[in-house]
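Below are two complexes that have subunit A in common, paired first with subunit B and then with subunit C.
And then the complex of A and B:
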């Protein structure tokens, strides 16, 4: 095979692989939108064209579920959870990197080791802890255990390696206190790191399922994820209605991702080194 | 630093170091370390609900004689052994293709392939459940293309139900791993690759013998996180099977079994904690092996 032909073939294969992967990746989203306009019977028959059942489905979903309430619950958890996680975990990531000591390095290793602990292994004691504190069925119980995330601490520490120490030292000579250096210098300099972390943490919080499933037991405290899960758990789910729910559950994360895509990619670039 | 290690400065750094990490450490201690230790203690107790008595190694004996536990363990291992390699290889191939400087529409491809990571685990499981229905869109397409003669019952056939779970997780997480590889690739020095290209090394050769070795640490990181993720598999199987892990426990995972032991059946916290420690041991063992495998090649 001539080099030119070989290169052409490689290039064609590359486009084929990427187009196929892109098609498969996007199809379920397309299916979700199409499905929202079709009746459950048509969805079950695999109809892939727009139907006329959109309003019936919307009505169905809004009757089955208190939509504003569950959206508010999800938003509340995602916003407060994300803000607190970013604050506490970035403080720790920065602290571990900027002020080193032997003891703290050891503790950092333990923090990293907790990444290996599956949630299933801690959920029973966690549930008992929340139950004895009277926090079952509250959103605080959902947010509290997620705030100090070992993964996000690790992420911020990795990214902090790119933060110029001279900036810190110069600010210190100018008389700034450490918390001021963090707040007024580190945070603005690292904004693309924060943006990427925001995308990741927001998604983790918005999509959280197992822990809310255990803790949130009344309809008034449920999140959108719990609502669509319980609607779809029937043996013959009313897919047309459920599709409206999956769209509402997906839109916020889609929006966050597209709004911050550029910073997200930049932030990831900074952390993988 | 030039200011040397005067005692005052050292103290200053130490105090600030603790102040910055204190909130996170307090929370990790309360919501991570305490539950892990508590779980270990619970695993020595047995009984229904809050009425527990000391059982010593009783739970381990029960574990050994519990066919459902062995089923859940083997399912989890099957998911892990088959799914993780497929996903890592796919993600590497895609990242490498995307990293080609002459590629057009790379932003579009990247966004499309990353998109699944934006979906919620529950939402996409519901979508997959409807797409893979017996008369659903996937079976119809395959039949129209002549790839299968009879529709597959993805949700009720023991073999295909497992395949469906593997397809679903691969769909959701390939793009996520791909982003890590792509980021690492873009940070790599391209001159070695360029030199090899000029020397006539074909692209697959450069990919296998230049790119992959340079990505070793990222591959290790993603393999470990994927291992942890797969061993903890819950949301997808719960949503695809209405929480049963059916058909007849064929998709039951360890996490789902623990959930069922705790919150679906009569709660048995002690035994559930014992099962949960199996995952801890597995994750630790596999992460260690993966570290070791990568270290050896140095």
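And then the complex of A and C:
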């Protein structure tokens, strides 16, 4: 085989592989949109072309669930949860990187180790904790356990390594207190790191399912993920309306991602050049 | 009263002591330069003065007041960092006015101060730019401007020029000297560039491994170093060190035997009496070689570097000896020689004992 041919074959293979991966990730979206326009009977038959049941499905979904309420619930949790998580976890990541102490690395190791504990393992004790605090069926119970996120702490500590210590020192000489340095220097300097974290945390909060499923027991407190789940676990699930729900649930995350795509990529590469 | 004084200053990180008892007095308006090899504690000492590191022991006063536990912003100091440390999200104007803003100074007053500093440093056209849009030299000027705006009693510089290219470094060195002349403020400047040290300093403080080896005027350190370390550190090319031995005499007519020199040399009068047979380290600066010298050293040439204005001749006095460097005039005649005979004056020799302490 000539070198040119070999190179061409290799690149063809590469594109084939990439196309396959792209197909795998795009197909569910495609299926979701197609499904939303078809009746459940057609979906069950495996129809993959546009149907005419879109309006029925929309109607079905809006009668089955109180859409404004669940969207409001989801939004509330996502916004407050994201804001608090970013504040607390970035502060912790910054602190771990910036301040020396004898126990620092040991405490940090413990924080990282919590990443290895599956949520299912702490679910029941956490539930009992919430129950004894009277927080069952409240949104606080959803937000509280996510605020100190080991992953986001880790992410911010890594990113903070690029934050110049001399900026901290200069600000100190300029008369700023530690919290002011964090707020007026660190946060603006690291803004693309925050943007990337925002995308990640927002999606985690918005898509949170298992824990809300356990804690939120009344229809008034349910989030959109729970609403979709309860529709699709019916005895004869109406997949057409479920698809409408999933589209509604996907739109905000898509919007957040595309709105912040540039900062997201930059943040993944590091804020400080 | 001193502008700043250090008494028995020490710093430990855990069990590691990095500053081992520093005493120093700095007069008002004095330009003091800390020099020393990498890791000797220059930055640490400066940061302790700034209040960015705790002082483990000893006392720091600025303007007569004890400052050990005073907040950095209240010590009357301003610092210029090696990396400039400009706030990247703020404009030049905001960077310079930042400290005043947090001190609660009125807007109009901040503006006036910033304009004043910008005028001194010729930064007016850059005021609305962000640091990312400035060249290295401009950033450095902004960093200095930020310091000026605070009207400090003491300026602290930590290797402010080492990120600049050679030409700009010379230019900025000149600017800083001018600034010192203009403001007349006490300045402490850390560098390991000895040209910066020699040209800027009223007083050079040579440090090694956490202690001050010697502090004095550039001239005193060059001409009359206390020890071998300082003698070797100040001056470029480095001072030559040769083994020597007292071969005859006693009292005020000692004779020194030196490698590469045929006849014993008469030593100038010393306060210390040296016994015959005493071994010494003898220092001689490369630029001390001169045609009209009263003594002559013979070197086997290893390399000649012709630099235009001057020529460096590197050779050995004995086959096993260290390289001796001589600075000769800008004369190409040295090139291609295998052996040279170089004159020098015995009075230019510096003597050191086995521990490297100067014998005077």
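In this section, the second predicted complex is superposed on the first by the 269 of 273 C-alpha atoms of A that agree within 3 Å, B and C clash if a C-alpha of one lies under 4 Å from a C-alpha of the other, contacts with A are read in each partner's own complex, and residues count from 1 in each chain.
FYI, a residue touches a chain if its C-beta (ideal position, glycine included) is under 8 Å from a C-beta of that chain, and two chains touch if they have at least 3 such contacts.
Predicted, not measured: the structure shown is a model, and the values here were computed from it.
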| item | value |
| --- | --- |
| Touched partner set for A:188, first subunit B, second subunit C, both or neither | second |
| Subunit B versus subunit C as contact partner of A:101, first or second or both or neither | first |
| Touched partner set for A:180, first subunit B, second subunit C, both or neither | second |
| Which superposed partner A:169 touches (first subunit B, second subunit C, both, neither) | both |
| Residue contacts with subunit A in the superposition, subunit B compared against subunit C | B |
| Subunit B versus subunit C as contact partner of A:140, first or second or both or neither | neither |
| First (subunit B), second (subunit C), both or neither touched by A:12 | neither |
| Touching partner for A:118 - first (subunit B), second (subunit C), both, neither | first |
| On subunit A, positions contacted by subunit B and by subunit C | 169, 272 |
| Complex interface listing, subunit A residues touching subunit B | 3, 6, 10-11, 14, 17-19, 21-22, 24-26, 28-29, 31-32, 35, 43-48, 88-89, 91-92, 94-96, 98-101, 104, 107, 110-111, 114-129, 144-145, 147-148, 150, 153, 169, 178, 182, 203, 206-207, 209-210, 214, 225, 228-229, 232-235, 237, 239, 242, 245-246, 249-250, 253-254, 257, 261, 265, 268-269, 271-273 |
| Residue ranges of subunit B in contact with subunit A within the complex | 1, 13-14, 16-21, 23-28, 31-36, 38-39, 42, 90, 93-94, 97-98, 100, 102-103, 108-109, 111-124, 126-131, 133, 135-141, 171, 174-175, 179-180, 183-184, 186-187, 200, 202-203, 218, 225, 228, 231-232, 234-235, 238-239, 242-243, 254-255, 258-259, 262-263, 269, 272-273, 276-277, 279-280, 283-284, 287 |
| Interfacial residue positions of subunit C with respect to subunit A in the complex | 47, 50-52, 71-74, 77-79, 81-83, 85-89, 98-99, 102-103, 146, 150 |
| Subunit A to subunit C touching residues, read off their complex | 164, 166-167, 169-176, 180, 185, 188-189, 191, 272 |
